[in-house]
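When the chains are written out, they are named A, B and C in that same order, and each has its own residue count from 1.
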Amino acid sequence: MILVDFIVSRFNYWIYIILMMMGLFAMIAKKNLIKKLIGMSIFQTAIILFFVSIGVKEGSTIPILAHEAAHDPAHQQAAPLTEKGEGHIQNGKGRDALRAEDYANPLPHVLMLTAIVVGVATLGVGLAVVQKLHQEFGSIEEPEILAKIDSDDG
Amino acid sequence: MRALGTIAVILTGALLLYASGDFPAWGEPYSPANDSRVSRHYILKSFEETSVPNMVTAVLADYRSYDTLFETVVIFTAGIAIISILRGPVDKRVRLRRASEKSLRQSNLILAQTCRLLVPVIQMFALYVIAHGHHSPGGGFQGGVIFGASLILVALSFQLQTALDRISEKRAMILAGIGVLIYSGIGLTCVLLGSNFLDYSVLSKVLPLSAIEARSYGILGVETGVAFTVTAIMFAIYANLSSHGRMKGGL
Amino acid sequence: MVDQYPAIVLLAPFFAAIAVSLLGNWKSGFCLPLTVLSLVISLMSSIALLGQVAESGEVVYLLGGWPRPYGIEFRVDPLNGLLLVVICTIALLSSIYSIRAAAVETPDKCPQFYTLYLLLVTGLLGMSMTGDAFNLYVLVEVASLTSYALIAMRSKRAVLASFNYIIMGTIGASFYLLGVGYLYMKTGSLNMVDIREVLLESGLYTSETILVAFMMIMVGVWIKMAFFPLHGWLPNAYSYAPSTASCVLAPLVTKVTVYVMIRMMFTVFGPEYVFVYLGWSDVVVWMAIVAILAGSILALAQTDLKKMLSYLIVAEVGYMVGGVWLANETALVGAIYHVISDAFMTLCLFLAAGAIITKTGKYCIKDMEGLFRKMPWTMVGFVIAALSMIGIPPTCGFFSKWYLINGGIEAGNWGYVAALLISSLINAILFFRVIEVAYFKKESTDSDKEETVSGSSGVGEPPLTMLGPLLVTAVCLLLIGIFNQEIVILIRQAVSSFGPLGFIG
């Protein structure tokens, strides 16, 4: 059981490393430009998986305030913000009190929204560049393009 | 290249595995990141400070709205970059005649009619997602992508020209620029009203709202701007990539 | 007004970019005046900001009014204050230069070109101002995406160079992002100052995660700045790019990335961690020595003028990385000084090269016969930049190298000193080779060679819009050299604001 617990507590991090290394290998070693871009996409997605894994809290829900919680002015005052590290000790103000443990950490999600957008933008520009290369050289294989360039020079 | 790739992968992988032993356990509620001052503040105080129940929206469009502004700019840049890369130096684009009527007849009947039924629903849902980002998962990016998808669906099930008749590439780029302008314009208004860039609370000076409500409406405003840009650029990217930048033919 | 300077510096080119993209389609005549106007505004407010910083210390600008660490802030100290002025000046000079060149090299794409150009400048300004580690990533991507597009605007080889740049640039930026993620995992914060406080308070120096975070961030930044073994993308990308684009990319992108490295080492991790706890400075300085020598030797092997200059950038990056990692104040001052002077030297050389290439249509060094007679003023600018690269006294190159060499001696690292001297010698050979061809060689009355279409007989000085920026840059090189004391005082102020340095410990 200890082993299972250990694996569960590390699983996401291992998977992200494996995915990321697959992407990195494709980006460096593949000769086909589209395959390189696929590698790039996997590489960026792996990082998203890593970030989202940071923000998970066991037993928590999505970081959206429940309807009652948002509209009941009484208990908004229930949990005064405390400095780092103390909040989870004092929350005995009734079971409805707003507790940080109940909601997933919103910050990694916000960061990854940005990273997804950046990834899409880079991928789009990358595809446009590959299309342009295909128009110019009639190939998307790096060695063939390099050979064409050399023959143009000579 | 293969050897180089293998070496890079092994080195980086080993390094990352080495560090993963030091990580807090997955799902740990009191890990340094989850229990940090910043994260606790966002969870406990964001509703009080911005009156937005969706914390992700509050952080995205208010606490870190400067990030999100440049995220929108990244999308906008990608649109312009793709156009400038794919458009040849000498552009001999022929203006196609308005093809909608013809293409309607040409395309598959079932496909066309299904698309006709679906597109308005998709667009309505997109608007809902944009507007309801305060209370449920959603917001400008998500809604914008859905709206853009509806336009792409038109292009896919009819012809690219059919979609371009409804929203030309030039108009899409202007729309994208307007989206960024809405976002940064709201930010600039805050400066002109005497506060810092993107400090929406100062909008309460001109709107009949309290400072906290003004933040909520400011967020809605910038989300709308984001939605404009994302919709337009998604479509422009599709149109350019599917037609090799020639804006005709398509998939 | 006064407290809005940081916002104005960034927002002027940003709004101009949107305006150019909206109005440019309608009338492309708007593009250039808007660009120049916004850069002038940006330059003026960056100078005012620098004055403010020099007088009263760090300026903090809270975006959205949220205090640290909840929101994002601009944090301007003398170091990035200086950098902002440099970025604005260089962007302004090359935008004036672009009047003719953009029309020739990227016809029909005027609005797109200027939008991308202004967004690139915005990205670079934002990178140097921000006080938030994640925001830095977003702005790095803005700057990178625009550079990819600017490079790929010209056809053929530039496109392949741009593709390689996309792949390498994405690896670099993603490594940086991953490093930030590791930092966040352990510290729970993204604000640079806040991360350092948490690192100190919770005694995280021994953590493996922080170690890997540091390595990831460094490798990512090194890829982005083309530090020697990771430089592969740079030479092709910069030499095949349209000359207006390379005039702004080559001087700025690598230098701003060097700044990012300094910021990461001194503000986020802190010199105590980097130099005292890790103590890797010897290893990295040796890597820098290799980079300097390799860059210089590769430059020696080139026949294409722009490619030679591109390899020189690789060597110059070695100077700066070495100077920063020598871990003493003199060398750090030298490295920062060199960031500034190298930005102007590179600009001057690329402007001259661009002018020569547009006028003669020739890329090879051996084809530059008799240029001194045909375009004397252009060559004057070129020679001043060359003297500065070599390190001849009244120019700024001498002073920055002086500090770097003194720093090397102080650290007792003779290998670095020797590498600097050898590289200066190679620079001398390189540039005298060009000058010799251009000055002494008589133009072979080519009966055997075909007359090129552009007509080498009618070659004269480039138009004033090209010559002006070139000569202004050359004068800047002299001024930065002459006023070295003032600049060094500012840099020392910045260095001392990094807190008690753990140097020589």
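We adopt the following convention: contacts are C-beta pairs under 8 Å (C-beta built on N, C-alpha and C of every residue); 3 or more make two chains touch, one makes a residue touch a chain.
This one's a predicted model, so the numbers in the text were calculated from it and none came from an experiment.
Distance from per-chain Cα centroids to the pooled protein Cα centroid is smallest for C. A count of C-beta contacts for the chain pairs A-B and A-C puts A-B on top. Chain centres here are Cα averages; for chain A and chain C they lie 30 Å apart.
Taking each chain's centre as the average of its CA atoms, chain A and chain B sit 16 Å apart. Counting partner chains per residue, chain A has residues 24, 54, 84, 107-108, 114, 118, 121-122, 125, 129, 132 touching two or more of them.
Among the residues of chain B, those touching two or more other chains are numbered 16, 23, 31, 33-39, 41-42, 64, 67, 71, 74, 77-78, 81-82, 85.
In chain C, the positions touching at least two other chains are 134, 138, 141, 145, 148-149, 152, 155, 159, 184-185, 188, 190.
Against chain C, in their complex, chain B makes its touches with residues 15-16, 18-19, 21-24, 31-39, 41-42, 62-67, 70-71, 73-74, 76-78, 80-85, 87-91, 170, 173-174, 177-178, 180-181, 184, 188, 191, 195-202.
Those residues of chain A that touch chain B in the shared complex are 8-14, 17, 20-21, 24-25, 28-29, 31, 53-60, 62-65, 67, 69-70, 76, 79, 81-85, 87-88, 98, 100-101, 103, 105-110, 113-114, 117-118, 120-122, 124-125, 127-129, 131-132, 135. Contact residues on chain C toward chain B in their complex (touch as defined above): 4, 7, 11, 14-15, 18, 21-22, 25, 61-66, 69-72, 106-109, 112-113, 115-116, 119, 122, 126, 132, 134-135, 138-139, 141-142, 145-146, 148-149, 152-153, 155, 159, 182, 184-190, 202, 207-209, 211-213, 215-216. On the chain C side of its complex with chain A, the touching residues are 134, 137-138, 141, 145, 148-149, 152, 155-157, 159-160, 162-163, 166-167, 170-171, 174, 177-178, 181, 184-185, 188, 190. Remark: chain A residues 24, 27, 33, 36, 40, 43-44, 47, 50-51, 54, 84, 107-108, 111, 114-115, 118, 121-122, 125-126, 129-130, 132-133, 136, 145-146, 149, 152 touch chain C in the complex.
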